[in-house]
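Consider the two complexes below, in which chain A is the common component and chain B and chain C are the respective partners.
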Partner chain A sequence: MKLLIVDDSNIIRSKIARALGAYGLEVVGLAANGKDAVARAAATRPDVVTMDLTMPEMDGIECIREIRKLRPKVQILVVSALADKATAIQALKEGAQGFLCKPFTEQELTEAIGELIEEAQNG
Partner chain B sequence: MFGIDLGKYRTLVVSIFLFLLFDLGVLVLNFVISSQIAHDAEAVNLAGRQRMLSQRTAKAALQIEKQAASDTPDRKLPAELANAAEIFDRTLRAFMQGGETVSGSGSPLALAPLDDAEAQAILQRAAAVWTPYRQAMQAALAPGANADAVAALVQRAEAANLELLGLMNDLTTRMESIAASKAKNLRMVQVGGITLATINFVIILVHFIGHLRRADRDLEHARKQTDDILKTTQEGLFLLDPDYRIGSQHSRALGGMLGSEKPGGASLIDLLRPAVSQKTLDTAREYIDLLLKHDVKERLVASLNPLDRVEINLSSAPGDTSQRYLKFAFNRVTENKRVTHLLVTANDITKRVELERDLKESEERSASQMSMLVELLRVDPAAMQEFLSGAGSALEHMNSLLKDQTEGREAHSTRINGIYRVAHRLKGDAAALGLTSLAANVHGLESLLTELRERATLTGENFLPVTVRVKSLFADLESIQNVVARVAQMRSTVLVEAPRPAVDADAQALAFVQQWRAFAHQIAQRRHKQVELSYGGLDLAELPAVQRETILSVVNQFIRNAIVHGIETPDERRLRGKPVAGRLAVYVMRNEEGGLALSFRDDGQGISVEGIRQAALKSGRLAPERAHTATDRELIGLIFEPGLSTQGSADEDAGRGAGLDAVKEMVVGQGGRIRIGTTRGEYCHFRVALPAPAEQPDVAAAQPANQEIQT
Partner chain C sequence: MDEAQLRIFVSILQNYFERQTTRAAEVGTPFLGEANALPVFDYTGVIGISGARRGCVYFTAPGDLLRDLLLRVGESNVAEANLADLAGEIANTISGNARRDFGPDFMISVPVVVRGRTQSIQMPRETKAYVIPLRWQKHRAALVVGVN
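What follows is the complex of A and B.
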């Protein structure tokens, strides 16, 4: 199961990579902005993506749209601070399957990813 | 059945299948037997024809004989006889062995041999009669046959005619009997089949009526359970369709929650419109769409639910509104893996919200009290006492101004200004003492008063928030007083636990101790204070005169200093949780070097560093910039400097700044040293070390005021 982590915070990227690497996922890419994320998604063909919403260059919603075009079956987990529920809902409508609010614990992260992986494996 | 799961319809399908099977069986048998009957009827007809043919052959034979004598014989008769004989013969053989004959209409007809023994016996007898008869016919009809042959035929015909007729008659009767028997069997089969089908039908009917009644009963039971659940649950339960409409089946509690008598069929969005902002409403619509129409994980989007806390104002009567908090939770309802509805659960979380609010307030209060405690610990107890007393009066004054009911712009203006002045002073005092939380609260009062000043019209009701704020200030003040008392109590406890030199009961009776005690009481009386003095250690009478005089003199000065500057009035001490009478503890012993160690400790308010700073500034001992940078240690050292007094005015006990400087002079003069320990609000402790009398003064060691500052 290949994982792409998209977040403009280096700390969050490392935290997710560490937790989900230990969980058994193969981290195939880390991206700090939407543009880079789309390029990496095309190159690494991930099964699961964790996606921040507020990022430079290309925001999360547009990034989800682009990645979904490249990988229609990819499972996307939005990982963002809950400043604006409407934006998060918009992101989910664009094709993400789940939402995890920052700050999160390692357990919350692995549980959410576990649920998405189950979907990816069944699908 | 056939690999198809029929579920609850299995019995029905099996029963219908059996019903059709019975019907089909009856139909097939009917068909088979009917065709056999038709066949038998044909055979009966042929048997009857045989009867007729036997007569026709006899008749033709007789006619041929009669016409043989005539001149014009009928040419048709021999052919007719031959034809009749041929048909009879073919039919007889066909009956016996199977074969083809001709039907009544002349068409060829295949016959199976008759399988009835009785009929075959009849046929055998008929054949035995027929064969010679047939031969006689062939002889008579042969070309060139003579009259004898015809006579022989007639003779044979007469002999066989009746017997053949009888046999063919028997055959017909027998075959009719066989046909009748088959018809009877057919009827029986029909009756049996129809009976079975009817029984099957009745079984189906009984079974299914029972089944339907049970199903109805179960359905009714389930419906009642659902009704009971919907009636009694405290939650608002309902199904929401993609048009945001509430389903007709919903819990009774829902109506009360939403303030709608009939929420069924209404739009949830419309019902919530008055309670929530347009943005929340839009987000709610988006969230519902997300769950209904998009491939998301229900559990992983629950945190985005915008209706997890909705504040609703319900009015039960005009002017009587209650504020409730509702939490809506959404769960998908799927049919064939397609989301058709959302099951919505509405919970009244008012109590939880209130509890959270109370908890938050309590935490804030506790934090505020903690910060107040920290603030209070920094404040000089005497200053605090003065402030509390002043603040109490200020608040009482504000209260009295608020109680004045005089209406009119001028009266209101006077009231506002009066309260404002008091508040402003109170705020300044609180801020000066570092009581920032109280100062902030008073500032809030000032803001309220400023608002009132700017109002065009004023009534007594407008002062309500001011009254509420003043009440809260009273509460703040009370909290401060409680905290001050607790702090004092804690300090007192610490003091009690502090180690003290052992006090010898005999020592109390020593003359110099009595003298100190009388001196102390004298000063205390003038100062309206109370003190107790205790002594432990050496009898001073044993000491060399120089040392004894020094000790007596130093202790006298310490007693005066402690009562004037250290020991608080009985009221103050009570407030701080200290014993009403101040304690002076004196202890004198020999030290290891053979010198003397004097300990003098009082449990008064300690040394006020700030007071010394002000006095040093006032007296010009320290320049203003130096006064502000001087450390506590340096400032406390100044109490041994001549001419420095913190006492505002000089009186007989203190105020001229001459006292401790004399102590220093005496001690240093003998080569001794002084240490000071003090904690503001708790104690002041002087420790004096005097060298043995024979020793020369050690200048280097005679540095004054080597203080330990314990704060």
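What follows is the complex of A and C.
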């Protein structure tokens, strides 16, 4: 499965790429802001996206909307520091399938992605 | 900001180091900082706060702490850009986690990173800044919370 990683922090992108690359996903793109993420989603056609919310240029919620228009069946896991319930609910309403709060461990990340993929395959 | 609210930041700070490194940070007693003598180490990640509350939250640390922390979490690239990135990410994570208690009207900016101990961080006027000192391994750092 092809993975696009969206986060304005280089070290978070690197951590996610390491963990999910080892998990078996093919990292096809890295983006540091929402606008770049939409362009890379169009170019690389990912199956799975990890999405930060607080980013420059275009925030994660708007980015989810745009990517979902391009790839209606894409699986999106939000990975964000924003820990309030209202934000998680909004992200899920906009089309994300999962929400993982920072700080996270590699095990929590792979479990969250595993659940997302399993649900997609069963659904 | 009252004592209970400061405790929220203390708890988030402790949780960050425990979860990321499995080695707890020693968090000292918060104190009211002097406007012209707030702590600044090599790298400072600053988050602007807007919405129902206004001000800023910043995390400041020496390069050695950030380097050790990167290695501890499996990141071998300890170039200066990644040290700055980590300072910003810690400030972002702590501020974002505070929304669990303060709610979605506690709006946070993207991080701005200031490099160098000679810089000073100015709080908005009439904003009290509380310093939460911490020690992780042998390194000292601080979280500064100045929110009305």
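Quick note on the criterion: the second predicted complex is superposed on the first by the 116 of 123 C-alpha atoms of A that agree within 3 Å, B and C clash if a C-alpha of one lies under 4 Å from a C-alpha of the other, contacts with A are read in each partner's own complex, and residues count from 1 in each chain.
One rule holds in what follows: a contact is a pair of C-beta atoms (placed from the backbone, for glycine too) under 8 Å apart; a residue touches a chain by one contact, two chains touch by 3 or more.
Keep in mind the model is a prediction, meaning the values are calculated, not measured.
Asks: Quick one: chain B and chain C on chain A, clash or fit?
Replies: fit
Asks: Contacts for A:C101 in the overlay, against chain B (first) and chain C (second): which applies, first, second, both or neither?
Replies: A:C101: touches chain B and chain C.
Asks: Give one of first, second, both or neither to describe whether A:L116 is in contact with chain B, with chain C, with both, or with none.
Replies: After superposition on chain A, A:L116 lies in contact with chain B alone.
Asks: In the overlaid three-chain picture, which partner chain does A:S9 touch, first (chain B) or second (chain C), both, or neither?
Replies: second
Asks: Once chain A of both complexes is superposed, is A:K69 in touch with chain B (first), chain C (second), both, or neither?
Replies: neither
Asks: Just to be sure I read the superposition right, which of the two partners does A:A86 touch: chain B = first, chain C = second, or both, or neither?
Replies: Touch status of A:A86: both partners.
Asks: With the two complexes superposed on chain A, say which partner A:L77 touches: chain B (first), chain C (second), both, or neither.
Replies: In the superposed model, A:L77 contacts chain B only, not chain C.
Asks: What is the contact status of A:M55 with respect to chain B (first) and chain C (second): first, second, both, or neither?
Replies: Touch partner of A:M55: chain C, not chain B.
Asks: What does the superposition give for the shortest Cα distance from chain B to chain C, in Å?
Replies: 7
Asks: With the touch criterion stated at the top, can you tell me which chain A residues are shared between the chain B interface and the chain C interface?
Replies: Touching chain B and chain C on chain A: residues 82, 86, 101.
Asks: Could you list, by residue number, the parts of chain A that touch chain C in their complex?
Replies: 8-12, 14-15, 18, 54-56, 80-84, 86-87, 101-106
Asks: Using the touch definition up top, name the residues of chain A that touch chain B in the complex.
Replies: 77, 82, 85-86, 88-90, 92-93, 95-101, 112, 115-116, 119
Asks: What part of chain B is in contact with chain A in the complex they form?
Replies: Its residues touching chain A are 279, 282-283, 286-287, 289-290, 294-297, 299-301, 303-304, 306.
Asks: Using the touch definition up top, name the residues of chain C that touch chain A in the complex.
Replies: The touching residues are 15-16, 19-20, 70, 73-75, 77, 81-82, 85-86, 88-89, 92-100, 102-104, 108-110.
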